[in-house]
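Structure in structure tokens, see below.
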Amino acid sequence: MAFDDTKTEDFKVVGQRVKRPDGVDKVTGKAKFGADAVAPGMLFAAIVRSPHAHARIVKIDTSKAEALSGVKGIVTRADFATGLTGGDLDVLENVMAGEKALYDGHAVAAVAATSQLIARDAAKLVEVEYEVLPHVTDVDKAMAADAPVIREGAADQSVPEGMHANVVRYHESGHGDIEAGFAEADLVVEDSFKTEATHQGYIEPHACLAQLGGDNKGELWCCTQGHWNVQKLCAAMLGLETSQLRVTASEIGGGFGGKTAVFIEPVALALSRKTSRPVKLVMSRSEVFRATGPTASTSMDIKIGMKKDGTITAGQGTFRLQGGAFPGAPMEFTAMCAFAPYNLQNVKQVGYDVMANRPKQAAYRAPGSPMAAFAVESVIDELCKKLGLDPIEVRLKNASKQGTKASFGPTWDRIGLVETLEAAQSHPHYSAPLKEGQGRGISCGFWFNHGGETSVTLALSEDGTAQLSVGTPDIGGSRASMAQMAAEELGIPYENIRTTIADTATLGYNEVSHGSRVTYASGLATIKAARAAVKILCARAAAKWGIDEDAVVWENGCAKPSGPNAGEFDPLPIDKLTRSMGRTGGPIVGHFEATPEGAGVSFATHIVDAEVDKETGQTKVVRYTVVQDAGKAINPAYVEGQFQGGAAQGIGWALNEEYIYGEDGRLQNSVFLDYRIPVASDLPMIDTVIVEVPNPGHPYGVRGVGETSICPPLAAIANAVSNAAGVRLKELPMSPPRILAALEDQANNG
Amino acid sequence: MQYHTPSSFDDAVALAKDAQGVTRFLAGGTDVLVQLRADIVTPDVLIDIKKIAGVSDITREGEGWRIGVAVTGAEMSEHDTLGKEWPGLVEAMDLIGSTQVQGRATLTGNLCNGSPAADSVPAMVAAGVTVSVTGPNGERKVAVEDIPTAPGKTSLEAGELVTAVHVPARGKSGGDAYLRFIPRTEMDIAVVGCGVNLRLDGKKIVEARVSLGAVAPTVLLVEEAANAIIGTELDDAALDALAEAASAACNPIDDKRGTIKFRTHVAGVLAKRAAKIAYQRAEAAS
Amino acid sequence: MVEVNLWSGLRAFADGKDCVEVDAKNVGEVLSALVEQYPGLEHVIEAGVSVAVDGKVIASGLTEPVKPDSEVYLMQQLKGG
Amino acid sequence: MIHVNTKINGDDVEFLCDPRETLLDALRDKLGLTGSKEGCGTGDCGACSVTMDGRLVCSCLVLGAEADGKEIGTVEGMAEGENLHILQEKFIEHAALQCGICTPGILVATKSLLEKHPEPTETQVRYWLAGNLCRCTGYDKIIRAVMETAADLRKAS
């Protein structure tokens, strides 16, 4: 087969539910996560954090802490690089406060000591004098004229004149004539929605072990979704040459976007440099909630017009996203994803990036998209109800497909939305009878997916097995799918491949494991690296046989003459070729470095049944089905796992999870007791349907699957709850007090 | 922090009496350790009472029960007879935390933590449970409802500790129940809790105690709610009166777990539901 | 010449137009031509943009070819969680 | 410092600890048994689940000092040498883990469940595991792995 072919059938290993290679380590407790590393002479660190939402730091007195026996060093902002600008400055400012503490939990100093307990005690002895400033944490209030300014001059040129200084970026897109579109409609529904910030809720708190000497050469071990990004940012913040800092990614205990940023790594490095000792820094759960990167909170207005036959005539959305005390709330994704499932002639979306006294938001699974779907799909559901139309029929009627114009501009390539809708429609769940008190909801969801810088090496061993080095941390079983793709190409057993997540010294730059890019981009790179190795294998066989390289093909792990004209030779199996590789031209290594640009988008349709106790407002999700386009499922078990995980996180977001700030601007619920992620008894089994509409941009048709699964649940559950309760819920989470309040409002106002 | 493991209550009292600074008794530790880790309370002296003889025993005391102060929720749930006589009390204890927490948490700890949202406390109050308290000035017996005085505060004097829990005789035709409202199905602190304990004569309720948790600074024993169902057969009118009395007794706060309005309303809903269960149990025991 | 569609928020920086013509053979040339013709767009392009060429979203690559009849949309930079 | 004598996974062990240190701190920092994880430190996530005298507990809610004279079981003691416990096998087979941070705690908890309740219903499994948070899987494949293990164990006995 040619080396740039697309393969769509006759897979031997791809598509199998193979056992993951790291399985044994993970079920026996041997796997080493962020907090599991030790180093001789290691110190333990603790961070001093602001108890104020907004305060000027007048003075930091470390003398009492330094006097405590066992304390070896204390750092403040003065121990980091100066002169940073733009995004790097924002990251540093978030990692360690400069002149002002900008949110409850903002780091202001850090201590290294000989034990964890001493470090914690010392942190309490650091005396910080604050001048408390007025604060704001709500998105709408942060935009109001009387809101305190969080940082002057943070807005970029996109922001129209006259906006509050807390509005730092503005987006507007769309096409057609929305007013004409609304005029064409038989019914226009307009409504406003709010969602609270949620947290990725990974079970492993951030942890790292840092070593940095006076020679400015460093070693860093940390749990991260992308260690090259950590290397780059830490080097900038500490004034190091990037290459002098080697970063190794530990096993990662969940990320979901939250471990794409750095929080503690530069601090541990600074402490190590100051103390000349290795420093371990592990966040507490409360620190994770207060001072890592939750999602944006939102306030949204949606207006959609529909004809009696279900045709959507126009859609308009305004999306205000609060992303903490720094620019970067993903409002443009919210805007671009909002109407992506629909083929609209007239559409307009507006986005505002708003700062408030909260931690800097970070990515969380399809950042910005779930909120958009919640608002838009709720309004579509309301239109369907009022016009007496079937919600799937309406979505099919308006669905985006190949050749239609996307709401954000371009013409769609091959996409699988219609296929997911049809599969949902014919799924037994959609026609199953509901019990008293239950309601059904459906929603579509969309995410772009991403390619990104990728570098992979595949080295053959003398026995014909292969070592595959990839640079994207394995957050959900990707070592298995990489090995499957390599085995498929090499024609050797899956077990003969060992996949390693290489450190920053071993491969070229690899972008973070985000954007659902790993199976797509590292997978593509793995296939290409394997093909490069196969090409060398074929050349070695050709040399041995004395025939032309092009006359050799690779099949089932053997080099063979391409046909009768090429000559009559017995197939040469891989191990025969690798055993002699030292004497036939040297080690055989395939590699691939590129920025693949063909990440196919992914659509999903979810169906959910919910039961609402109208006396208490409690909701129970009783049945859930995920239908999503995976392009090609390399390992269906782990594709299903992504579908189920996204749905479960969406259920939490919809019903109970939220950041609760008090009047004092402090986070009220920084423990799992009160930040209520779904527990096992909250959920039903989550049924899955894998739709496969191949992505033309990947050799096997892979589309990323990790993120799209969280886009539909918020809206699907809101639609189910609204149907069950008989009242539309417009604010997330749909907590019991909110549901009861909505029922009461309805009773009072008819 | 000093850590002690006295082998008798007298030793425990002596340690507590002489202790300087913040003193805490350690039974299951499911509150003490959380407060320690979160820097809410770092005791100067921690007195582990689990090595005192008999603290892990559940024993008959007349027709009732004596429950040791270190008996865990799991041990209560696994007991042959206790839960048959006092299902509401055992279920209330069982609602606290996870399986793991059940392996450690105790009735006494739940009571002495002083939380108005403690699940076992309304059930104990409804059941008429008393505790023995020992201190420098000797021993006294106190009704459970008289132990908590405010969130995180109890009527125990310095150096005093609870040494046993006394559950009264179940007697004939009685039933109890405890229900709580939480947003999830597990792992939450009660937003509202309600315990009901009643006795029937035929179909008529002749005795009742109704308690509420998480709707006031302390767990409440609501006489008006009990009076609303005493003398009735728990018909709809009685249930409505019960709910109204329960809601009327509420004096809650707005916080991260619920609103005043929500708590007040749900207190009535739970009172009705718990009363129905207690009534059925009493009928079954007749 | 290639037609480049801008998101409407950019009109303020492109003389009120949401579709402009540039002379370019690849994505990098599209971006540099845009900055040259409409300096107001520089901050946007510097901050990072993606470009959709014939329906395919080019997240960052500058060398992707663009044909005169290609459908080209400037998009806000894509990343993910 | 308190001198603690205990038995872990059948081995006699002694260590010194500060009275404020938890059993989890002792396991991880003193004894190198890092299979038990700290996800919360407040007994809400179950990643540190161990057994103490056969009873399932969160090791973050037990002081190191309290382990004196007790028998502790951790995830490191589940497999017998190279032979994985059937639950460990089933978790791998069913893809019942993604990131794997909650897995040790869930395995210890489910082993304890099946010892007490060899024929659990799905609801029973879900409530038993309510104190073991998993953020990746939505629990579906975990529940399936546990139910199938229980069925296989019944067939074998």
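As written, the chains take the letters A, B, C and D, and residue 1 is the first residue of each chain.
We take it that a residue touches a chain if its C-beta (ideal position, glycine included) is under 8 Å from a C-beta of that chain, and two chains touch if they have at least 3 such contacts.
Not measured: the values here are computed from a predicted model.
Chain grouping by touching, computed with chain A excluded: B, D | C.
Counted by C-beta pairs in contact, the busier of A-B and B-D is B-D. Centroids of chain C and chain D (each the mean of its C-alpha atoms) stand 54 Å apart.
In this assembly, the C-alpha centroid of chain B lies 67 Å from the C-alpha centroid of chain C.
The geometric centre of chain A is 44 Å away from that of chain B, both derived from CA atoms. Per-chain CA centroids place chain B at a distance of 29 Å from chain D. In chain D, the residues that touch at least two other chains are 18, 20, 41-42, 44, 127, 129-132. Chain contacts: chain B has residues 37-38, 185-187 touching two or more partner chains.
The set of chain A residues that touch two or more partner chains comprises 200, 256, 284, 671-673, 678-679, 681.
Touching chain pairs in this entry, ordered by label, are A-B, A-C, A-D, B-D. Contact residues on chain D toward chain A in their complex (touch as defined above): 18, 20-21, 25, 28-29, 32-42, 44-45, 47, 74-76, 78-79, 84, 88, 91-95, 97-104, 107, 123, 125-127, 129-144. Residues 5, 7-9, 13, 40, 43-44, 47, 52, 54-61, 64, 71, 73, 75-76, 78-81 of chain C are the ones touching chain A in the complex. Contact residues of chain A toward chain C in the complex are 156-158, 170-174, 200, 256-258, 260, 332-333, 336, 348, 362-367, 408-413, 447-453, 514-517, 595, 597-599, 601, 697, 704, 707. Those residues of chain A whose C-beta lies close enough to touch chain B in the complex are 120, 124, 284, 286, 615-618, 620, 655-656, 660, 668-669, 671-674, 676, 678-679, 681-682, 735-737, 740-741. Only residues 1-3, 26, 28-30, 33-34, 36-38, 42, 46, 48, 50, 72, 74, 97-101, 103-104, 185-187 of chain B touch chain D when the two sit together in their complex.
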